[in-house]
């Protein structure tokens, strides 16, 4: 939970408007937990003030290199996509509470379900689960073939089912249409994506244990501004802050 | 560091910098980033009588050099703030300015009574200018008779000096400032946010669930400077200036306009270390302009005007 | 290009884009950069009865994502404008919106009489909101009774539709809009600049010779959007929206908020080709959101709100 | 008078906070007249919207390269100074009316007087006058030795007297203290600098012909916004616009 300057070592479009950015620097060594995010500044002189929360997608500790995957959608991420190798980014993080692979109960099988730009953190999570001997299966969804990414890399970690809304790759439909065959009472569910998707996942996986990663528009990213609250019934206050209590919550803990 | 020392009613500050209300929680989170005792003071998040959940999300949206927020005064209520939040600030030995909000005069009065009695609270800041709650302040903030009445009643019960936080969404801020000064305010805080809105061009719908929100950040600094300049010439109570301050240079500008201390809001989100970084840089800037003590800055702008272009 | 056509009282525009008053002179200079006939219309610089020299320099200062100006209504006076300036615009066959300023009711009335009689002038825009002249409009712009009276009198003598240009420096812009609508205005232009100020941190002195100036540019867009949104729900006359528009996306946002046409000011200084570039891009954006005609955008924001976050 | 994208080929600090920037591109070929200026954008994503007027200091037509000298003083020029080789700048120009070497009357001797960051355009002007066979002399003033630049390059074109306010280089004092010895009835005066300096030059050179280049804070840079007016007695309107009628005016034409 510190501020770092990391140097861009690559920044390439790997699918339609999807960029893979690698960043290098000593700050990387604290980035051990999947599901945590980096709060990325667009640049000191930019008229875009607020930082962008981006999940850790992978870390190479030997090279001191973190990988981020992001979609160039709005002004800020479009500006990020124009950055050149060698430029430095001002980054806070890792922030939040991630998927705590070591301290949470594990099961033999893990089903990792992600949609669109919610997919990236599942890669780092899947890698760590596999290292711990868990049998990982991925169900990842995209809008269309041209938006899909990392399918091969996921396949190297475990069985990977792909869905696309338009049917141009894998099964036509949503991730929730494709997850059933891979679920069993032994499965631990991990899911990242928009709230509507998480809600559907929660319903499909009723009765199973799991973790969900939420997203919301953020101000501070560190729990001070109350921009990112989400209602919960399990806490006296009635809410959690996604940036600092989450973004990862136990399934059922928050009201989606 | 005595060259940065400023003293305002109830607020004896070793430097003029304090975080603005709502942008620093109750200090706990930023205390993980740096030692809060370097601050000149701290403004805590608005307290209401009962706890409030605030507005639905999304609660923030980004604009050019600014942001909109519609948090909606989320807070656990004054009792819990007194029990669970304020005590955490004791070790830092810095003045605490407690921001107070409410829907009715009675609520403001009751919250003031309770919070101003806490020994760690140095002064209260009456938030009569929150644009993000339907019932909650803004009606006091735009009608100067209501603002004056409220100030008078709150002054009667407050055990600590009272700062009134003014809304910039008015035709005549000077009139408002004079009204609350006459009603007994010990100081002014200005400015709160401008009411703004952002739509998603693709859908045409507001980004904020609350539709409108409060505009803060560097975008509004020129409005803040103008208002502080105009008001400071017409009142004799001190002003805590705020609105878009992000650098030590901005602090000099705002104090020159007439502020006696400066609060930093949105910039904390951009850089969590912004307050200590500003504080550290101030002496260097004073050296550059050959000034001994920071208080000499206050109100420099009202001195006679010379064309600055030929100064190169 | 008929999918961009919009029609407002007196202004039959092939697209909704026109330069804002004071940011485009009388068109001569920009005509050296591109063919003005691509524009939906043109708003010309404010005309007063006699020529005015305006304020001393410096007249502009830069702020974050914005600028301050205090030109002070410099113009050669209505007679010379009619003789030397307006005729140059004839070849472009675009509607001309003539901006009118004055210090007294009589001056507004006389200028309106003369300028609205010119065959090339399509409509007039009453500038009751210039913040940069002591005697000149702003008193009409912040008191709604005076604004309504002036509107009524100007309507009586004008041979063309009358748009009233509203000041954002008011507590309640809806009240103002309703007052001038009731007084007979054919349309509204909003917003004019916010009053702001910038000091040189080194000297503490104002950058502008006039000390305060009008804040324009992207910094103020959220305020403009909010005001247009609120006013459009409450009046039935069309609104020419402006304030910080710099891109085609901004145009969609502003029309969604309730504007029927959009004026571009400060952005012309940043990029002289901004108007034609916006116009060229509009059809592409309409395609992206699957909309046939640009007028379908107007007031989309008042439709029911759905959380936009889940739209990815 | 067009908009160009030029590529930065160098951007070096040549004196204390004084940068020499070279820009390359086909747009350079129209930059034939000294005293005209370029209206330089700080960058599309910068929160600094307004362009900066910077004088043409030199042009190499073979290389299609223009040289600008600027002082990194405020936020905008500081951002410019951080730009890297290969980055592209959005530029309007050349704008304004310069020192029209070909069409204005010439004399045998020319005295070019400039202070601080008013010095750069005198280099291009001096070069052209010299090419036309005029005998050029420079009096250039700086605050201090560490702020001085291009002294040798000026010396290659003609006799060059330097003044510094603190006496660390050349004569101690202002340019106007040092110009007298170089003035004769045959001299044509050309001067660029802040208004106070131009006023002093005008007084010293009373009776002689010459041209002055003014500066003012600008909005549009092309004559449309009326930000940069200056009073004059010679025009019916009572004013000139520095950006489009100037920045160069005949001595005596404008009221300083």
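The chains carry the letters A, B, C and D, assigned in the order they are written, with residues numbered from 1 in each.
In this text, a contact is a pair of C-beta atoms (placed from the backbone, for glycine too) under 8 Å apart; a residue touches a chain by one contact, two chains touch by 3 or more.
Only a predicted model underlies this, so the values are computations on that prediction, with no experimental measurement involved.
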Subject >> Labels of chains that are neighbours to chain A and to chain B >> reply: C, D
Original post:
Once you find the CA centre of chain B and the CA centre of chain D, what distance in Å lies between them?
Top reply: 45
Original post:
Counting in whole Å, what is the centre-to-centre distance of chain A and chain D, each centre being its mean C-alpha position?
Top reply: 54
Subject >> Distance between the centres, which are taken as Cα means, of chain D and chain C, whole angstrom >> reply: 36
Original post:
How many angstrom between the C-alpha centroids of chain C and chain B?
Top reply: 33
**OP:** List, in ascending order, every residue of chain D touching at least 2 other chains.
**Re:** 47-48, 216-217
Subject >> Multi-chain contact residues (two or more partners), chain C >> reply: 57-58, 64-66, 207, 217-218, 309
**OP:** Could you classify the connectivity of these chains, where an edge means two chains touch, as line, ring, star, complete or other?
**Re:** complete
Original post:
chain C touches which residues of chain D in the complex?
Top reply: 1, 3, 41, 47-51, 76, 90, 92, 216-231, 237-239, 244
Original post:
Quick one: in the complex, what on chain C touches chain D?
Top reply: 22-25, 28-30, 32-33, 45, 51, 53-54, 57-62, 64-67, 69, 71, 74, 76, 207, 217-218, 266, 268-273
Subject >> chain B-facing residues of chain C, complex >> reply: 57-58, 63-66, 68, 142, 169-172, 194-207, 209, 211-212, 215, 217-223, 225-226, 229, 244, 249-250, 252-253, 256-257, 285, 288-289, 297, 300-301, 303, 305-309, 311
Subject >> Complex interface listing, chain B residues touching chain D >> reply: 64-65, 218, 309-310, 312
**OP:** Show which residues of chain D lie in contact with chain B when the two form their complex.
**Re:** 47, 71, 73, 116-117, 194-196, 215-217
